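Given below, in the form of structure tokens, are the structures.
Note that chain A is present in both complexes that follow, paired respectively with chain B and with chain C.
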Partner chain A sequence: MTKIGTDEWVAQVGERTEAYRGLTAPVRRTWDGIPLGWRFAAAMLLVALLPVATDSSYVVRVGVNAFLFGLLALGLNVVVGYAGLLDLGYIAFYGFGAYTYALLSSDQIGVHLPAELTLIVVVALTAGLGYVLGLPSRRLLGDYLAIVTLFFGQVFVQLAIHLDRLSLPWADGPVNVTGGPNGIVGIDPIRLVGVTFSSVTDYFYLLLVAFVALAVGLHRLTASRTGRAWRALREDPLAAEQMGLPVNRLKLLAFAVGGAVAGFAGAVFAAVQVGVFPQNFETLLLIMIYAAVILGGAGSLPGVAIGAAVIAVFPEVLRTPDYARLIFYGVVLGGLVALLRPWSRLAAVLAGTVVLGFVVRFATAAAWPDAAAVAPGGLVARALGAWVATPPNATTVGNVAFVLLVPAVLAVTRLRGPARTWALPTVLYLAAFVWETRLVAEPSVTRQLVLGAILVVMMTARPQGLLGTPRVEML
Partner chain B sequence: MEFFVQQLVNGLTLGSVYALIALGYSMVYGILKLLNFAHGEVYMVGAFIGYGVLTMAGGAADPVLPAAVLVPLMFLAAMIGSGLLGVAIERFAYRPLRDAPRIAPLISAVGVSFFLQAAALLLFTARIRNYDTPELIPFSVGVEVGPLRISLVRILVIVTAVVLMVALTLLVSRTRLGKAMRATAYDREAAAMMGIDTDRVIAATFFIGSVLAGAAGVMIGLVFSRVFHFMGFLAGLKGFTAAVVGGIGNIPGAMVGGLLIGLAEAYAAAYLSSRFSELVVFTILIGVMLVRPSGLFGTPALQKV
Partner chain C sequence: MLLALKDVNTYYGQIHILQGVSLDVAEGELVCLLGGNASGKSTTLKTILGLVAPRSGSVVFDGEDVTRASTSRRIERGMAIVPENRRLFSPMTVTENLEMGAYRRSGDLRAAFERVYDLFPLLADRRSQLAGTMSGGEQQMVAVGRALMSEPRLLLMDEPSMGLAPILVERSFEIIQAVHEAGVAVLVVEQNANMALSVADRGYVLQTGRIALTDRADALRENDDLRKAYLGR
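Let's look at the complex of A and B:
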């Protein structure tokens, strides 16, 4: 395909001319009428009330993680969403920031600098590192840049693990720089102008302020000369260069800004956790940040913020089986309601699923009378226990069902018309069965499964992300 | 000297496995310009299928079939299973994204990789499985070369890898399918206009690449005997490194790259420290990329306007 140009304006034409229809029209019209700034301020005020509303430090800790995530996602958004540079080594900046802060404020090398100075040093160093790692981006394009940065990220983790017994020519005996797999512990809390940030709540507000400042700053930057230049670079580097934009400088600047943000987030992370370990900076986290940016829609600030919140909070909710259940059945039901038309077909599928469930349940109960019912939990769990079959050795049967479920779901997406309606109850029941026998008991595995599936489904359904702008390629 | 040659054999064994993985990356990249991050997981599934066949045949200690039948059977099952998995991944995770922005299939690939890893963790738990090859083919059986004994398993691995690579080269250079693959890799749209069913050619490419990964999985299981859900990540990364060092999209390049990475890792582990072998591998990659951005054998990409 000859790509001549991509145009956001043409792509948005549908949204611009869309009339407000239906019952929710007044609500949507009012909501769209509120300026973005006010919506953001209201959301942040609500979030700021979180530590007041709950006395559980766990919830506040999740909030802290969400903010760290948000900072990282905003920083990555500059590199990927604005400048269009695929940086797969982003996590190294986060780790570098965290380790630098840890080294400069712990007993590891016996240095305890004041936090104001350390933070400045960290941000300056990570920005510099971003600049240096950005240097190859002048020559390497697209995927090749992704490859090199991916390996920079790997090298960082390897160094963090292996620099605990470094033999230096001038030192007698090996020097322990990073603490190896044991990491660095006993890191000083952040202390700014006489105020010590000691509790999780303190860090929550520190990060809230940082997040708001960064979001506002980036919003201003988007419309600025630099922001527009970045987007031009993303849309077509060649055309941007022909228009006289300093392409190389813009790329390096994007890397440096992204790196500085990640470095700051890393420093705060080190202080909150009071320790840094190599496994904090593995590829998994990188992928979660990418998921946040992509899910929300790369290049869209509100999208990225929402994506980060979802990716940070969602796995925590899955930890509690009851909530996880609620979400699972809620999402399945919601999906059916959204996708199945008309109502009669939806009703038929749901009724079919329920009936099928009871039939299977009683059949298995007759076959194995001594099998235990799905027991503990609230009302929902007990109702499910009466519906989902419980064979003996549930783990094995559940595994087999899981292996059957994946191709079954894929097959259903290919079916059309009545065949799909007929197949759905079986697949739905199989899904519920797998969920109850296997997935509920393994929250961490389920999280990974669900995250992977979401990424694939999201990409195939809406490649530009939730709030991202679709691109139209003009021929 | 003896030690040096021993490491040469180690490096060649590792290298042929990396080369097989690298071929899958390289072929897919050549034809779709897609970094197939799920490829390492296909290899992992291959290793598990081999393990499954071995277990069903009664385990290495007490097999119901003679080793000469069982080992080819393991290879065959793993190769076919992995091949089908690769085709399914392409069909459901990549094909809907043919015309999406470049990053979309990349993220989708990461999603598939996550999903497969978690699925393996769910089904097989985190326990490391063992092929227990010495019970099947004793390591003491082998060829004596001077003071050195090369075990039969290693010879088997290297020979199988060479056979597969020769077969692949013949397939790509001599058959109609190979011609169609080259045409599709060169220009998909033009190939489609010439009457090539590019969707089928792409599916075939995924099948072949995944078959090679499945074979590599069984090989690693036979030689190093450690099969677990996360094994695909690092092996995939190294196979990928091999593909990139050789020049991604270039089939002979992937083979040479694989051998190079395998040898580098073996010698780094032997002469420097096993702690730094991975670091050496990644440094080689970054060095090669900075000096020759298109890899050792790749042709520099001309930008078409």
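Let's look at the complex of A and C:
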């Protein structure tokens, strides 16, 4: 393998790719051998079958949502992941695109432009807006940029709410531009080259095509000189400047590309929803998009796409208690596997938790003979019913346990060594108890909690995100 | 003259850093700029490259007054820098780092890559290694190679030997000489005055923002004041 005279480090590259060991080694090596393009094509083909495989319009709608999320995340990834600009006003571009499409394709101001034209106008306007927002931000760094852009995002929502009675000098009365809190409804469907996109499935395929086109386009952009210059800029703006990179132009380009992508996604969103409302563009959505980018690994295209899919689909899955349960225990288990070393310690903690569960269950069986079953569900729920003690007044006890759980979790993170191993089963059981008595019944709360927990576990185990590249520190 | 600074005054806010600095470098010349900590050596290089603008005075490069020109413009005209602490793009490969050095140039870069790989054969073997994972000496080569990618006529170097083991310090001066022999003018900032003067044609000594002394390198090596201040003998 090693060629005489070649550098040792280079020789090792081959060895490292063959260094996978264990049962999964052949699988991983084969996987590595498949070109990225093929993997992407296969994944998209599978996704394309979704509307065929199910006749539930709800599932397709989740798919549409996931694609919108995917577009937004890919666009944000250009700004944050490539150029390293912390843009907290990103959601305003999405809203601006949606409102622009709504205004130009509804009775709001009585204009019904053809969709081909409207989409071009939206993309051009949001790209321009990105450029304009970029202008004063060129000299701003990190947190200053974040504050300015966050303000920009808030201004957008406020404008959307209050521009329903705009006084213009030439108009008689106040002009209703955005419809205020009631938004704009009755938006035309998108019509492209004679085809009207009327059903959710139609939009699913429109977005699929747009997503593939964007992913391919961005992939080529990252592989270009401009893409590498963005990375250089993110890594060390000062060095980039010293190499004569057009720092300002690169930043503005990133803002414009990100803005255009978000604007396009907004236009499609407006058409799918047949209406736009100010609350569609609030900070929570921004946080979710950031979560997708960070979860997937900022800067990595496939990572961000997967992150978006996870963030879009998980909250939906969490609506069903039995799935939510699977995810909850899956995440807890995953977190333990990632954090507990060696294996013997992991096994001890798990066995300890199981045993503790049964002990508590039987000890309390006497005290609560009339205990209710755990929240209804399938096999998992029945199995858990035999393990988790359920008090008759589950709400009260569950709440108390919840309050206890928070300091318990914090305490465990402070403990070191054997003390942690000993404390973990109790805390884990407490968590399961809280989950079964309280959280499974409250999907709205649990969704946020589980998502937050996933992010925390993820960032502890893999700070660079799923597919991101770990930072190389220069020492 | 390839480069001429005339009575340059540079400020950071209200602080007067460069106080009437005049300095020049001829085509193909190797000039060193010596001086103690905080004497304004890096600021001089930054003024030359246009990273900070002088409040008065002029920077003339290759017959063109570039005092108000952008950094990009100056790099296009033929300047390049090896920054203090090298500042490589650590998560990028050697090739990508080199490419960034030639960002201002359009067209085929193959000849430029070949030149750098000829000068540093080791880099040719390490094309795909991430710059941040390289040793200090190797990073030094990447930093110089990156600057040479723009095929500059004047190479600015800010303390190239900083943080290197003694043997590598010598190696880095060999690199400077190699660049010099290839016909590139070099303005090198150094703390290691002895070493710098042994390879340079001429030298300047900067003291709290003023040129305190300038002469041929061999004369400076014999200068009593300088010996007391920097050469420690």
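Here, the second predicted complex is superposed on the first by the 412 of 475 C-alpha atoms of A that agree within 3 Å, B and C clash if a C-alpha of one lies under 4 Å from a C-alpha of the other, contacts with A are read in each partner's own complex, and residues count from 1 in each chain.
One rule holds for everything that comes next: contacts are C-beta pairs under 8 Å (C-beta built on N, C-alpha and C of every residue); 3 or more make two chains touch, one makes a residue touch a chain.
Keep in mind that this is a model prediction, so the values were computed, not measured.
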Notebook entry, point to check: Looking at the overlay, does A:Asp322 come into contact with chain B only (first), chain C only (second), both, or neither?
Noted result: neither
Touch check for A:Asp107: first (chain B), second (chain C), both, or neither?
-> neither
Q.
Contact-wise, after the overlay, does A:Glu116 reach chain B, chain C, both or neither (first, second, both, neither)?
A. neither
Chain A contact check, chain B vs chain C, more residues touched by chain B
Practice prompt. Give one of first, second, both or neither to describe whether A:Arg228 is in contact with chain B, with chain C, with both, or with none.
Written response: second
Regarding the shared-chain residue A:Gly452, is it in contact with chain B (first), chain C (second), both, or neither?
-> first
| task | Could you tell me if A:Leu238 is touching chain B, chain C, both of them or neither one (first, second, both, neither)? | result | both
Please indicate which partner A:Leu86 is in contact with in the superposed arrangement: first for chain B, second for chain C, both, or neither.
-> first
Chain A residues contacting chain B in one complex and chain C in the other 238, 471
Chain C partner, complex, touching residues on chain A are 6-7, 9-10, 13, 225, 228-229, 231-232, 235-236, 238-246, 469, 471-474
The chain B residues in contact with chain A across the complex are 29, 33, 35, 88, 92-93, 96-97, 99-108, 110-119, 121-123, 189, 233, 237, 240-241, 244, 248, 275-276, 278-279, 282-283, 285-286, 289-290, 293-294, 301, 303, 305
Within their complex, chain C touches chain A through residues 49, 51, 71-72, 74-76, 81, 83, 87-92, 96, 99-101, 103-104, 122, 125-126, 128-133, 139, 146, 150
In the complex, chain A touches chain B at residues 1, 80, 86, 136, 139-144, 146-148, 151-152, 154-155, 158-159, 162, 238, 283, 287, 290-291, 294, 298, 399, 402-403, 406-407, 410, 413, 438-439, 442, 445-446, 448-449, 451-456, 459-460, 463-464, 471
